[in-house]
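Think of it as A, B, C and D in the order they're written, each chain with its own count starting at 1.
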Amino acid sequence: MDVTIATGEPLALDEGLFGRLRRDCAKDWDGYVNHPFLAALADGSLPIEAFREFLVQDYLYLIHYARAYALAAFKSDTLESLRIYSRAMAAIVDGEMPVHIAYCADWGLTEKDLVATPERLETIAYTRFLIDRGMAGDLLDLQAALAPCVAGYAEIGDIIRRSAKTVLQGNPYALWIENYGGDEYRGVANAAIRQLNRSAAAGGGEARYDSLLKTFRGAVQLETAFWGMGWAKR
Amino acid sequence: MDVTIATGEPLALDEGLFGRLRRDCAKDWDGYVNHPFLAALADGSLPIEAFREFLVQDYLYLIHYARAYALAAFKSDTLESLRIYSRAMAAIVDGEMPVHIAYCADWGLTEKDLVATPERLETIAYTRFLIDRGMAGDLLDLQAALAPCVAGYAEIGDIIRRSAKTVLQGNPYALWIENYGGDEYRGVANAAIRQLNRSAAAGGGEARYDSLLKTFRGAVQLETAFWGMGWAKR
Amino acid sequence: MDVTIATGEPLALDEGLFGRLRRDCAKDWDGYVNHPFLAALADGSLPIEAFREFLVQDYLYLIHYARAYALAAFKSDTLESLRIYSRAMAAIVDGEMPVHIAYCADWGLTEKDLVATPERLETIAYTRFLIDRGMAGDLLDLQAALAPCVAGYAEIGDIIRRSAKTVLQGNPYALWIENYGGDEYRGVANAAIRQLNRSAAAGGGEARYDSLLKTFRGAVQLETAFWGMGWAKR
Amino acid sequence: MDVTIATGEPLALDEGLFGRLRRDCAKDWDGYVNHPFLAALADGSLPIEAFREFLVQDYLYLIHYARAYALAAFKSDTLESLRIYSRAMAAIVDGEMPVHIAYCADWGLTEKDLVATPERLETIAYTRFLIDRGMAGDLLDLQAALAPCVAGYAEIGDIIRRSAKTVLQGNPYALWIENYGGDEYRGVANAAIRQLNRSAAAGGGEARYDSLLKTFRGAVQLETAFWGMGWAKR
């Protein structure tokens, strides 16, 4: 495997409250980051149809994911926090989504196709769950809901890069792997993990732990269901 | 003074986190519950115009106060909490507001007059502050914003009933005093205080204390400004 | 079939904007109100396990359904509208849910069991979709999202009562059928339909029709998926 | 007066629904854009203390103004709309606010001073009114609430630049005038006006006109009260 060893800092997966949340739903977490969809993606054996199904729903997901970051900005009470979430939102709508659209174009999908595709149950459930946690709770609740996505994808990138079974040469999904396994994305994930940990320290995270764990686990399970959508098309 | 001594339990003003919040903004709190508007109301010297100004704005306030309780219901995650806020909301729209409208009628104000009166700056500021705290934060933040109103009015009723300067005989505001100084309202206030204290215990209230105090103090200051509206018309 | 013919007014299914929405998603609507789950429920052939699955998820649904009505109250700008939604919420948490809990008890399910059951994907998707439509949009958008549930259940009750294949004698689901096929529930549904139609007239419903139809159709499809949960357990 | 004549397109003040709203609250609008505070700012006679009072509260205002744009992003249902509001939010927190902070520094105010200053009643009322309209209503309601600020400042810049009484030479407020009277800001204002007009066309703006006018007029009056804060310090 010819993946360049990441030169940046390691993932902060064990730090603080995030670390505790991840450990306390270890079985659910494992089902998410080691989903068979990902093993097949890593060695390139995943059927194109399965990946396309995922890709289209992921586009629809990102619309609401960006809305969830807008909600985090709305829930901010300092200029610093407003800036963090404003930039996160810009990174999604001006960075991640255009790349997504370009990527989809390579698979024969126009933006019009993407928008016209009905959301699957899994997509509706996950996105609206995130938004509702943010609406019903405060910024810390929202951060706990969003953490499995941002941190989990970095861990997945890491797992795939380190796995002996991974084949990048000729793998149609190499770009996706390089993106989430890269230093830049790892930095994004670590920043989100540490922000959650800081919010937890300031916002009574330990006292509210059970409720935060319920939110976190819910999001992990919905991530797993999301992989399942694509996997069902193999 | 011929006020019947309340037979119910005393006000829970010193209990738990609520007690700490009230003590830590003692000067602001004193300005609110001992406002000159209230001394004049207690001895009946308050000009009718000042009371009418208050009464009309208080009607407009109650619309948004009911909305804030609806928001608390929305932010609930148990049937018990949903019920508490559903009943609180019903108590406002089916109990308090019809009484308010009937009371206003005695002062020559129809419901149509009330609705047509523009909200004063003080009314807009206070009501939307409550709603925004509830939207930006979680249920505990909203409870901290609502507590000064519900608990403060009971304390005001208590202060007026106990004051040697209070004159109920022939006092045009006797009904108002009896309402907020009565056992029933005291029960409502104590329930709200204890609910806030329970939420604080479960929701990291101590760790989040500074933020809760800022919200609480903000609401106390806005209550004081609200009395000021009527007082300016004397 | 010994069902008493309803004496009240007929269902307002064809009136106003609601009628137009229902007609314009006729195929989806038909899949919802004529789901095989309901035919089996009507003749009593539905396996108990399928009904229990539905019943438990329906309890979890009602928590969020009540929250959606709380949101409608929050979004109200008149005392009249606040009252309508305050009463609707009270009807759910103090009327419908205790009946639900009592009913579940007959099937061997305690309230503790209900609360401890994980929400299914279909339940999460539908409930959070309702709440998000209400949050992202205005009261009319929320009404359009809620209408398929309240009006559809009345139509279902009506269809079952009128069907020659319905067997009430010895049918374990007779109570459910009588509830949703009864005059009282029909009155609730008609009130909701007419309220939506009034809001649409005042709120530019025709100009916003495409967006309202998308919301309405989404809710209808999620209702159908909800029946599917129970049906899968037969 | 040595102001360069703006070379860009004229302000779109009369176009579409925005034009109708502005005309229909002409008296309130005139009180806002022709406030004595602005005449004194234009000829440089405004006491420094009055401007500082305004400047500090305007900083606190911008925090919530940015939150209102985050809310608009949250309420978006297309990638295009998400982008518009994401960029508007970035323009506030990464563009306008740093300039504001730098500008305040020239007046001897550090960012710490700004954050530590209590919000005035006028600031609380206006900012939370914006946010509540966005929360209670849909994106069009929020746009109607935000329009008086963005469009009014451009008109104010225009009025001051065109006025024969304006003195830029040696005017300590020249930078402020040049900013809001410049081509760039006019472009921002026109984009916002046209977006409101498009949303109104798609969202039943004419049918909802009375409600939108109430929101618009409320914001105009709160803008006027905001000038009053500084004016009171002269």
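Going forward, a residue touches a chain if its C-beta (ideal position, glycine included) is under 8 Å from a C-beta of that chain, and two chains touch if they have at least 3 such contacts.
These numbers come from a predicted model, not from an experiment.
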Interface residue overlap between copies chain B and chain C, same or different (over half shared): same
Angle (degrees, nearest 5) of the CA superposition of chain B onto chain D: 180
Farthest-lying chain, centroid of Cα atoms versus that of chain D: C
Averaged-CA centre spacing for the pair chain C and chain A, given as whole angstrom: 34
Chain B-chain C separation of Cα centroids, rounded to whole Å: 37
Length of the line joining the C-alpha centres of chain A and chain B, rounded to whole Å: 44
Multi-partner residues of chain B (at least 2 other chains): 67, 74, 77, 136
Residue ranges of chain B touching chain C (in the complex, touch as defined): 63, 66-67, 70-71, 73-74, 76-79, 82-83, 85-87, 89-90, 93-94, 97, 115
List of chain A residues in touch with chain C within their complex: 67, 121-122, 124-125, 128-129, 131-132, 135-136, 222, 225
Touching residues on chain B, where the partner in the complex is chain A: 74-75, 77, 136-138, 141, 201-208, 211
